[in-house]
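For reference, the structures are reproduced in the following blocks.
Next, two complexes with subunit A in common: one pairs it with subunit B, the other with subunit C.
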Partner chain A sequence: MKQQRDSIPELVWNGNISVEVHQKENSLTYLANLPRHSYFAQILEDLKQLFAPKAALEECWLSSGKASIKWHWPVGVLYDLLSLKDPESTTALPVLWHLDFHVGSFPSSLVVPMGSMETFRSCFFNALKESDYVRNGSSSLVIALSKPETDSYWNSLLNHDFYDYRPIATKLFASKSRIIPLKFYLGADAPIVQTSASLGYTLGHVLHKQLPEFFPSDVSCSLLKPVLQGIVLPLSISTDLMNRDFCYPDGFLHIVLIPISIQG
Partner chain B sequence: MNFRQHLLQLIPALVSRGISCEFMEFFEPVLRLKWQVKPYNDETTSFVVEEESEMIYVSPDVSVEAWIRFSPSFQVPQFFFQLYSEGCFPYTKLEGVAALLRPENRDLALEALAIGDCPGSNGIAWYVHPCCTQSFFQTLEISKQDTSYLPMWILYIHRLLSPITAPMVEALDDKSP
Partner chain C sequence: MASSSNAVEDRLSKKLESLHTGEETNHLQEKVNEIISSYNEKENRKVNLRFKAIGRTPLLRKNVFAINASHRFDKVIRFLKKELSLQPDSSLLLYVNYCFAPAPDEIIGNLYDNFSIDGYLLIYYCVNVAFG
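On to the complex of A and B.
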């Protein structure tokens, strides 16, 4: 048997979340393994066809418990934030994330209505240009992508194709300024803490500097711990390694900060 | 002056014009504003009523909620807003937002506006894309320490979003000597 040696970026790319979607008073169930790097925008039309084929797409939305699902955030970020599961917990069961599908009463102050895939594409590329701006002082790398490269990058996201994705991502995420973009998530109801960090430092240094009330030390966690791509990161990890291997396709490092479990 | 001081400096003039102001500082300074305004008055935003045997267009007020923050990515001020009809129904389509603006700005608005995560809350809001703001400041040679930094930027935003941002500009006019 040929031994496969997957790189870390490929292992991260292949991370996925099993989801089960129901609609109230509907006996049908939608089951799928969704890549962490994908978006719920990509399956919203399929869900509509299954549960409510006559509804308008922009009236459809998802929830996880009481939280509305923001389809313009990556699936992996939403799961790390909303599942309330600690990746390090010894009692963690295999993942099956339960979601509810809704039509009507759209939470329009919380979720962007998904008129079409063009809305999603626009949101995605705005985020990618923003991350490029942080790294390079302008969005020129993204703007300079040829049409075939842009389409290839977009299709690699839709088709979950690592080998089309990775060469373009490697080019886009190299930072001329040695600055990288990060977003920290403190809870479903909290605003995002959006910031940037320099290469050549540790995550602990970044957290201690940006959020000293939550990270009084740069070497150990006392209140919260950082989760990226479903992995609890050591504070000693370098920003260089995070930028090289753990970025989401929009170019951001989306880090969810979860409370440290009380050990009984 | 830092950005926090720029925001605080704006508040008295805005409040005197009836604009509700809330200064928030979770992890970044954000100024949240609320006001009512008449949108651009034409058939798309008005409804017809009969008054003394005449049919006239009546344009209902729009409620505006806005947030001003310093973009951590683009390093310039950034303007987010939500528009509500009848006080509670947000405008969710870009074409609907553009229809409330002056006709000569609508095409530009369709290019310059986007929707995304709102600072200081867990919601979403429209925003003026900040990619052109830096060149605006460079053209005018205004530094971040200049007391006119934020007022000049508000005038820049108003050129796109007029008449929705008129109360902010009127407040600045009151303030200037």
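On to the complex of A and C.
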């Protein structure tokens, strides 16, 4: 019997990126399918064990082309931002993201070192508190989570378990205030515009209001188009739908703005 | 004869089209880069920070400062350690509005725009963990 179709939140949760990591002058390769809803910090220890077992964790870093990888940004956001691939491109090549592993010359002006899982856990929960603050005027919902709930949420991230994740996420992201947090990425070396918006509006309305030079119209794209969870969003999508189904585990809507495609 | 000249025309017009598309794409990227530059210029505004000590933590001589909005939060952490005569690798925790610790690479301007109260970004600081 055909199983019930996965809900959209489950499909979003199951989105993943195939990565291939090399190190210069090292014949070993690290291959993995990383969930969009995960962090490179989670594989740092494995990478070190493979490529440089004797190195210190704080000396290790990854790059994608010329860009260095932030340990504490979600994999999905980094891919949307750095892969330089247009999701609407007609040349639909399979996704395989090539990364390079480095030890030493740590780019400390660009990457925050994640020396331990404790550091990363603290970073993650602070980001969650920050998004909670936007929705609720304080980080009250995160702080009100019981210890079992907090551990369950953290483990759902580590184990990539949708059924542990979803009930807590639904509770945290509900937003009685009807305000939601967004981060717009203008490019790999370009500013991030962090803002908030109300439920009950379209994405086009929000973009036109926050970034009028890039979005002179709230119904059509003339320069940039919005990518969230690897999908080019229509400007007509509502903030309600985005908040309900497309948040990252830290509670933010991370939207990358890429140039519109010029069709020949 | 006719078909081969059509083929040449076809190739020529495709080449012209792709050149045109290439031009349009470059023009588009240029326009985007222009707007991003103007954004970066705007971020040279200064925003106000107000610091408050939590618990048994050294106090500052002065607790209000203005900082360039384009700086990252780790600049604030380093600055405060210096002001408090702490070693660069000592523990100092900073919380916005007593609620969350921003990541060191967050932009001050964004924190100010989203979390400031009455014209100040309120930062609580302590040398030990205030809360998990």
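Assume the second predicted complex is superposed on the first by the 262 of 264 C-alpha atoms of A that agree within 3 Å, B and C clash if a C-alpha of one lies under 4 Å from a C-alpha of the other, contacts with A are read in each partner's own complex, and residues count from 1 in each chain.
To be clear about the criterion, contacts are C-beta pairs under 8 Å (C-beta built on N, C-alpha and C of every residue); 3 or more make two chains touch, one makes a residue touch a chain.
Bear in mind that the values here come from a model prediction, so they are computed numbers and not experimental data.
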Three-chain arrangement built on subunit A, subunit B and subunit C clash or fit: clash
First (subunit B), second (subunit C), both or neither touched by A:208: neither
Partner chain in contact with A:260 - subunit B first, subunit C second, else both or neither: second
Subunit B versus subunit C as contact partner of A:123, first or second or both or neither: both
Touched partner set for A:72, first subunit B, second subunit C, both or neither: both
Subunit B versus subunit C as contact partner of A:166, first or second or both or neither: neither
First, second, both or neither for A:139, with subunit B first and subunit C second: both
Which superposed partner A:115 touches (first subunit B, second subunit C, both, neither): first
Touching partner for A:188 - first (subunit B), second (subunit C), both, neither: first
Contact residues of subunit A, present in both the subunit B and the subunit C interface: 70, 72, 110, 112, 122-123, 126-127, 129-130, 133-134, 139, 181, 190-196
Parts of subunit A lying in touch with subunit B, wherever the complex brings them together: 58, 70, 72, 106, 108-113, 115, 122-123, 126-127, 129-131, 133-134, 139, 181, 188-196, 210-211
Partner subunit A, residues of subunit C touching it in the complex: 17-18, 20-21, 24-25, 28-29, 31-32, 35-36, 38-40, 43, 74, 96-97, 99-105, 107, 110-111, 113-115, 131-132
Subunit B residues touching subunit A - in the complex, by the definition given at the top: 26-28, 72-74, 82, 89-90, 92-93, 114-124, 129, 131
Subunit A - residues contacting subunit C, complex: 70, 72, 110, 112, 122-123, 125-127, 129-130, 132-134, 138-139, 143, 181, 186-187, 190-196, 213-214, 223-224, 259-260, 262-264
